[in-house]
Amino acid sequence: MTQPEPTVRGLWYEDFVIGDERISPGRTVTEADVVNYASLTGDFSQMHTDEEFSKTTEFGTRIAHGMLGISLASALCLRTLYTRGTAVATLSWGEWRFRKPLYIGDTVHTRWRFTDKRESKSRPDAGIITEFIELINQNGEVVQDGEHILMMKKRPRDD
Amino acid sequence: MTQPEPTVRGLWYEDFVIGDERISPGRTVTEADVVNYASLTGDFSQMHTDEEFSKTTEFGTRIAHGMLGISLASALCLRTLYTRGTAVATLSWGEWRFRKPLYIGDTVHTRWRFTDKRESKSRPDAGIITEFIELINQNGEVVQDGEHILMMKKRPRDD
Amino acid sequence: MTQPEPTVRGLWYEDFVIGDERISPGRTVTEADVVNYASLTGDFSQMHTDEEFSKTTEFGTRIAHGMLGISLASALCLRTLYTRGTAVATLSWGEWRFRKPLYIGDTVHTRWRFTDKRESKSRPDAGIITEFIELINQNGEVVQDGEHILMMKKRPRDD
Amino acid sequence: MTQPEPTVRGLWYEDFVIGDERISPGRTVTEADVVNYASLTGDFSQMHTDEEFSKTTEFGTRIAHGMLGISLASALCLRTLYTRGTAVATLSWGEWRFRKPLYIGDTVHTRWRFTDKRESKSRPDAGIITEFIELINQNGEVVQDGEHILMMKKRPRDD
Amino acid sequence: MTQPEPTVRGLWYEDFVIGDERISPGRTVTEADVVNYASLTGDFSQMHTDEEFSKTTEFGTRIAHGMLGISLASALCLRTLYTRGTAVATLSWGEWRFRKPLYIGDTVHTRWRFTDKRESKSRPDAGIITEFIELINQNGEVVQDGEHILMMKKRPRDD
Amino acid sequence: MTQPEPTVRGLWYEDFVIGDERISPGRTVTEADVVNYASLTGDFSQMHTDEEFSKTTEFGTRIAHGMLGISLASALCLRTLYTRGTAVATLSWGEWRFRKPLYIGDTVHTRWRFTDKRESKSRPDAGIITEFIELINQNGEVVQDGEHILMMKKRPRDD
């Protein structure tokens, strides 16, 4: 028995237009999220899990893992669904900068634009997209940003 | 600072067409999901968490909570995004039937169709949609089904 | 080696008396519970996870998933243990209504009464119980209610 | 508004009889449980999380944290409900021995008996119970055992 | 392919000096941690999960599970790494006392000292260490304490 | 009351030697870890959560999120403790490449070497370290690699 095709599907390589910009929904970074990121990875560094220690740092309180920020940035972009069933793989991240601390209680969203597209040398049925992603907090500040490079399928002849 | 509007938005009340059918992506029900549902709710009934006991039941092994099924059904429908920013609330579930056991390792998706739409008496800016949802496993069997009633915003004049 | 029978066991079909009412312990709905329900199901709708967006809704803040309410209602009833080892299955939910929002920080309990019992046509060793469940918050307000139908084993001859 | 008293309540100090024995339901220790215990505590020791390393140990595979065993033992005893609303506090554990490894996939239950009871010097409305708990796997082997001392309320005059 | 030896390794039996004392980093006990401990074990006792009930207790609010305290104590000690790859097993806990309640928001650390060491009768390649552990909150109060006995490998000839 | 200094502390800027290489312990990527990463981020893409869909991909089964790989890489490096209390912040990742799929059941560790160190222009009390990290599976294959740049405190005069 074949599982049926979902009604909504992602974009094909041909659908990406250089210069197009997108905005994700927001997400509030809760204390539970920080605990869950520590839990998942085992990174219980004091700046993320020890409030007494954190009072003595320049931040004055526990902050979220920088890696939680990039993880949320990646997932928030996906929530616009542009890759469902049409993405081949993430190839790499270009330089990714941690610009400002991410605090518990901050609400972040992503803004990103497609900055490059090119043919894949290894796979004629796919192309390579570069996007520049900004993770932005509720004050409009860019807390992290950088480049993401992914391979997308081309539209099949019969689509 | 106002958070910007996400690029992708859900359907308005006017966009729903009675008789239209939709298919969600699939999701595999893992042992971790069953543990997580027990964890969240505190329902550690032996049929979900005690393999020795479960060997003696008619199922022969642990099964997933029925309520995990309806929870996934609800969320899988949402993953087509038809309500992002346009849903007001879920009003009720009509009768919901548990037809077959849901086993660890099963992969389920939803198929649903819009069966009714009507004006809301209390809110002139919204209407009420009825949909009939089937949760279907990898063998094409309907494991659960029933009615879901939700209130959707109407398209604003300036949209 | 057979696992021994637990000391405490649920009620048999014969033990249910129409009209009897029960009260569960309470449970506080934490921010972590809402994060965990989103995590389990993948329903990260903004009204549950985006505080900036939620400030603009009629609720003014993030609210819990309605489905978290019904999940807790079901599990809170089970915590009185009336089905340990004697329940066959949940057959269905009758209409279930979402009457009021469930806020982070609310403490809910269930009050339910047995409204019907009847023989099972398919299983002579079991009967069918209908119960009407109310999920009630710390202000005594019914936030959700509806019918739950389940199949219970009859007392064995030698019990 | 006062939250109503739950229908089912724990035992009072007077209800405990020295020599009485109880059996809990069982619970299967899943890989997810071991991951969750590591996550909660931050104990990612290789014998619990690194299968390649664990192949070289005397156990030949990852084993569960010993502390997960005692945690489950404690909670399994509680699932017979004997302390709901009537326990004051756990005072201490007597010596607790880790006798055998706990493997992923094992199903454990507890068998315990009340070995002592005495008045509390500090609280005339409560007494002190000692119980001896064994955590037993699906082969009937005692994997952990030891003493647990807790303070229970006495039955109020008007109960 | 053999997995390479990690750069940092734990202490050998010979490295333990009776009387030596150690201090762990701290960790803040969050509401999410208490939810997660209830989730893991199934211990949803009202004193840990029901704020309305807890207001009526002597603590006036929900408190953490005592067993979460001992679990964190054990893991915080491990975070100094003294057992990586050199521990054989935890043998037992001596008496472990719950001295004070552990509140949500408390930050705890451990202070422990090695109080005894002796040869193992069963394993000539290992020895037995006794340590006395105190779990201490942000006010310097000992909330829990007790003895922990573990078996450590001796340094191999060629190390 | 000041929280005391932990016994073990990370390396100071001066302790890093260009060319030095380190090896982390290993960690097995379980199905629960993949579920947990999806849960944390909301990325339930079918290639990570839908086994039926995944059978039709070039991988033939569900694979872990690439971002789970980089998250584990980062945390595995930290488990050697070189930054406890001495790290200021992660500044950026240089290019990070996803070279091979990460499968459920794989055991990964990191090997990394310090490739550059330089003074910080903005903070005279800290310096900047560049390290090149490889995430390696149980077959010795590099599944991901790239550059990580972090700021470390210099040793205080009185240390």
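All chains are identified by letter, namely A, B, C, D, E and F, in their written order; residue positions are counted from 1 within each chain.
Assume a residue touches a chain if its C-beta (ideal position, glycine included) is under 8 Å from a C-beta of that chain, and two chains touch if they have at least 3 such contacts.
Quick caveat: nothing in here was measured; it's all calculated off a predicted structure.
Engineer: Pick out whichever of the two, A-F or D-F, is joined by more C-beta pairs in contact.
Structural biologist: A-F
Engineer: Test of understanding: which option in D-E, C-D or B-E shares over half of the contact pairs of A-B, residue numbers taken as the match?
Structural biologist: Selected from D-E, C-D or B-E as the counterpart of A-B: C-D.
Engineer: Can you check how far apart subunit C and subunit F are, centre to centre, with Cα atoms defining each centre and the answer in Å?
Structural biologist: Each chain's C-alpha centroid was found; their separation is 42 Å.
Engineer: Please report how many Å separate the Cα centroid of subunit B from that of subunit F, as a whole number.
Structural biologist: 36
Engineer: Could you say which residues in subunit A touch two or more other chains, in rising order?
Structural biologist: 3, 25-27, 30-33, 35-36, 39-40, 42, 44, 46, 50, 52-53, 79, 84-85, 107, 138
Engineer: If you look only at subunit E, which of its residues touch subunit A in the complex?
Structural biologist: So the residues of subunit E in touch with subunit A come to 25-28, 30-33, 35-36, 79, 105, 107, 138.
Engineer: For the complex, give me every residue of subunit B touching subunit A.
Structural biologist: 1, 3-8, 22-26, 80-81, 84-85, 107, 109, 111, 138-140
Engineer: Provide the residue numbers of subunit D that touch subunit F in the complex, in ascending order.
Structural biologist: Counting only subunit D, the residues touching subunit F are 31-32, 35-36, 39, 44, 46, 49-53, 62.
Engineer: Which residues, counting only subunit A, touch subunit D once they are in their complex?
Structural biologist: By the definition above, subunit A touches subunit D via 38-40, 42, 44.
Engineer: Can you tell me which positions in subunit F touch subunit A when the two form their complex?
Structural biologist: 3, 27, 33, 36-37, 39-43, 45-46, 50, 52-53, 66-68, 70-72, 74-76, 78-79, 83-85, 87, 89-98, 146
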